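Shown next, in structure tokens, is the structure this report addresses.
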Amino acid sequence: MESTSAPTRPEAGAAPPAPPTPAAEIVEGSADALDEMDPLKIQRVEEGQSLLQVRGIKKHFPIIGGLLKRQIGTVYAVDGVDFDVKAGEVFSLVGESGCGKTTLGRSVLRLIEPTAGTIRFAGRDISKISADELRPLRRKMQIIFQDPFGSLNPRMPVSDIIGEGLFAQGMKDRKARDRKVEDTLELVGLRREYTRRYPHEFSGGQRQRIGIARALALGPDIVVCDEPVSALDVSIQSQVLNLLLDLRRDLNLTYIFISHNLSVIQYFSDRVGVMYLGKIAEMGSVEQLYADPRHPYTVALLSAIPDPNPRRRKKRLVLKGDVPSPAAPPSGCRFHTRCWLREKLGNPERCSTEEPQLRDFGAGHQTACHFAEQISTEIVSAAVETQSVLETAVADPE
Amino acid sequence: MAQDISRDVTSAEVEGGSAAPAPGADYEVGLESLSQWQLAWRKFKKHRLAMIGLGILAVLVIVAIVGPFLMPFSFDKVPRPDVIVARGRPPSLAHPFGETGGLQRDVLMLVVNGARWSLLIGFSSMFIGVIIGTIVGSIAGYLGGFIDNLLMRLVDVMLSLPILFVILVAARFFAGARDNVWTIIIIFGVFGWMGVARLVRSLFLSIREREFVEAARAVGVRDRRIIFKHILPNALSPIVVSASLIVAGNIIGEAFVSFLGFGVNPITPTWGNILSTALTFITQGNWWWPFFPGFAIILVVLAVNFVGDGLRDAFDPRSRA
Amino acid sequence: MTEVVDTEVIDAPTPQGAPPPSDVLLDVRNLKTYFHVLDGTVPAVDGVSYSLKRGKSLGIVGESGSGKSVSALTMMRLIDIPPAEIRDGEIWFDGREILGLPMEEMRKIRGNDIAMIFQEPLTSLNPVFTIGDQIAEQVERHKKVPRKAAWDRAVESLQLVGIPSPERRVKQYPHEMSGGMRQRVMIAMALSCEPKLLIADEPTTALDVTIQAQILELLKTIQERTDSALILITHDLGVVAEMVDDVIVMYAGQVVEQGSVDEVLVNPRAPYTMGLLESIPTVDKRGGRLSAIKGTVPNPFNMPPACRFEPRCPYAWDLCREEGPELYQVGRSSGQRARCHLHTPAGAARLPDAILDHERKMNVGQGIG
């Protein structure tokens, strides 16, 4: 096995950091070297066309327990999700912990093997192909992780962290690889000289940039960003968001952006899928969802965003209780145990017996709620007014 | 990190957060680049007991290597083979550790020669045990499933044996030859890997789930490289700590087995078999004869344990001060 | 209780000043807490002063490493000495100076007059005792009431925080509850002795959005009902905006801005606060580019010599590199104060441009039509 951990130095007389070159040039220039080695010849998908199609995807984790280590239960982490991602867009998945957004993001890349469903990337079904067939595809589909500390191997210098993907993808020439690593560092706003440094020498924001560089070095088409800014301080968060937006523009990237932070999603994305207990509750463009939410869960999520402008202080709609366990999802509509709308409508039986399907509300705005038509400003404010303090621990008895 | 700070304000005019290098973002990155091992060494150096332990160990190792050549007495030459006395001579200028009863040998010479073999046994058997343990633990931890189950049950079985008796029997059975040091080393190695295997397995199980491993898989890195470049290097520090403690355990173990007469043949001196011979004359009041080799055992075990403690602290990412 | 470390203060500074007026519950004056670590000394809290009236609420905002938590932990004497050192300062609570109090006295105040809620409820609750035991024990100790009464108080406080069937819940162990429920238990515990001051350190950071909403609303209601004062420590300006009356913004161990939330969050006047607000993604910024504060927080071992924010400040000029600013009053009548030379005569000419620039950055986007 050729080691990539041997000292990698810039070639003799390497110039001091060149002024930043337009990003697109750098990447396309060296991506050619990789493209020649691409046995799959994946076609570039035109902007606006469907790049990724996910159909009926499920991921169930067995719960092993007991004396005999038998399966005693199942966690329905992702339980039948369909969505399309168009080339060039930012598609966001939002939800609370346990909703399956992270598992979904990993399953789409087959970092976790999905239990069922198909994933088509650029028209090609990748849900069943073998590990060897999958490896060259990894170049096109990358991931950025949440934890800037956990996602970088503390025992590896930056040159290896970024370079090992290139090596694995067939760029065996060390010089070419080193140059590519340096170019990519520059692309994400770090200095070329940092290749010999170790992760612990960097701040959280810089580490996140290294993680981004690792993903981008391969020249991907689609990048899953799994809570990329959640672990960062506010002032660093915006630097990384800006970087992601710049890279998307310069490199024609498509993002699947996973977050629990609705303000970030509103700022960052084109389309949003709201997840609850392994299913998509509502999906649509940011404009549709934030201006005209059609699912009671989305309404509550939006109402819970803390707004830093005290002049926009408002009464919140507060949901009852916690998210149920994904090992025992409620019957019928999974949200019915916490649903304020159901309560307002006098607890119709349908909610707990029949599972709602995604219904179209025009221009791709889909909602899985039997009573989506009932949602209006009036009913929301009525619900806010009548919230009971003891049942939901909500303020404002008056 | 108290490293030099290269504050680069001159070029910091770029509007913050752009994709172009934001030089302002760099000034907390130090000028010197320290690997994790170098950082650990920096912390280790601050641990006083560990440094003392390391010093003692270093001195002992040097003594063990060159000591026998510098001694005025040789182990292979008995000064007066025809004279056997019951009582030796207490420490004096010519014999700072005294002389033994029986063949009237120089105790210092015995301890120095014993150091050579005791340390060799302690370290070599540790290496064998750690290598077996790491291989078994890695396989179990990485593959999981049936193989994991099989190997871990094997560990359970090995651990449930009354290991001392097994070692005694094995020593009697296999180590009957005159020159049996390596047999003893192998016995200690072969019966001393289970702890390491369990440790390595659990390390593999946890490191395998870390995000950087997932990231490596996401860029297409193969299993073999993930094991050797990602998981093992991150498992190394706990292994090193436990290895240091195994050395101490094996030195005591060898002394014990030799003391019982099942261990290394007295033609090769170890602290254990020196003690064993000394015991037969203990009623004659030769206190210096067992005292110095016994003291050497205590010293080396303490030193190794201090070093182990220091390593543990140095590798602990949470300890800063 | 891993987060809670009980330590004796060996030599606290002796109080010099006079007690504050009686409507002031808490008056922190020039508090300095330094940490001595391997690589040097970290001025974690470096001359912080603030006061809080009875029944009012105060937010302490800052990023990691700003010293926002350390100031509260110092007040509660929950820091290890060493490595920490309380170098200077006075803390007047309810009419007496508490920084110089012996530990015995301090223990009587802690949990009784001042209660604290931590970020991670699981590590702050003892896993081997039931919820009821833990609350009742505290009530028994502080209020010197019989076990039965203490137990009833435990049930009552669980009811107060909206935990259904409290009689059953008191007999449960922390691990039997969800994250949101545990945080409620923490709040119930904090309230059980009817404290005069409640300190909440990032109470919702570990929680999901909808649970965060529950807990925040709960804290609001309780504060109104019980008349206790509240200090809310958080990095989330949104949480502060909804929860408190006054706010102090901390940066690198110092207060850089203080005032009412309406003043500070709507018209920030310290460049750091401006930068923070500019960098938060909101509706108004959609479609535009977020303005980010360049660089990162300074290395605590090597603070910029004059103004600590100067290397990152878009408005800095020569003066900022020569002389550290004080907290200056902003405008004429308000209580808002900012640590920036822009509010001195020397910087007055630059102020309008800075404000314009800030307002432009706050409205970079097109919003959602």
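For clarity, chains are labelled A, B and C in written order, and residue numbers in each chain start from 1.
The definition used in the following text is that a contact is a pair of C-beta atoms (placed from the backbone, for glycine too) under 8 Å apart; a residue touches a chain by one contact, two chains touch by 3 or more.
Keep in mind it's a predicted model, so treat the numbers as computed, not measured.
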{"item": "Chain pair with the greatest number of C-beta contact pairs", "value": "A-C"}
{"item": "Chain whose mean Cα position lies farthest from chain A", "value": "B"}
{"item": "Rounded Å distance between chain A and chain B, as computed from the means of their C-alpha atoms", "value": "46"}
{"item": "Rounded Å distance, chain A centre to chain C centre (Cα mean)", "value": "32"}
{"item": "Shared interface positions of chain B, touching two or more other chains", "value": "1, 16-17, 22, 25, 28"}
{"item": "Interface hub residues of chain A, defined as touching at least two other chains", "value": "203, 205-206, 238-239, 242"}
{"item": "Per-residue overlap in chain C, given as positions that touch at least 2 other chains", "value": "290-294, 296"}
{"item": "Chain A to chain C touching residues, read off their complex", "value": "96-97, 203, 205-206, 233-239, 241-242, 245, 260, 262-264, 266-268, 286-287, 290-291, 300-301, 303-311, 313, 316, 318-319, 321-323, 338, 389-397"}
{"item": "Residues of chain C touching chain A in the complex", "value": "63-64, 159, 161-162, 164, 178-181, 184, 208-218, 220-221, 224, 235-242, 261-262, 265-266, 275-283, 285-286, 289-294, 296-297, 365, 368-369"}
{"item": "In the complex, chain B residues that touch chain A", "value": "1, 16-22, 25-26, 28-30, 33-36, 39, 210-212, 214-222, 224-225, 228-230, 233-234"}
{"item": "Of all residues in chain A, those that touch chain B in their complex", "value": "1, 5, 17, 20, 23, 106, 109, 111, 135-136, 138-139, 142-143, 145-147, 150-157, 160, 164-165, 168-169, 186-191, 194, 196-198, 200-203, 205-206, 211, 214-215, 218, 238-240, 242-243, 246-247, 250"}
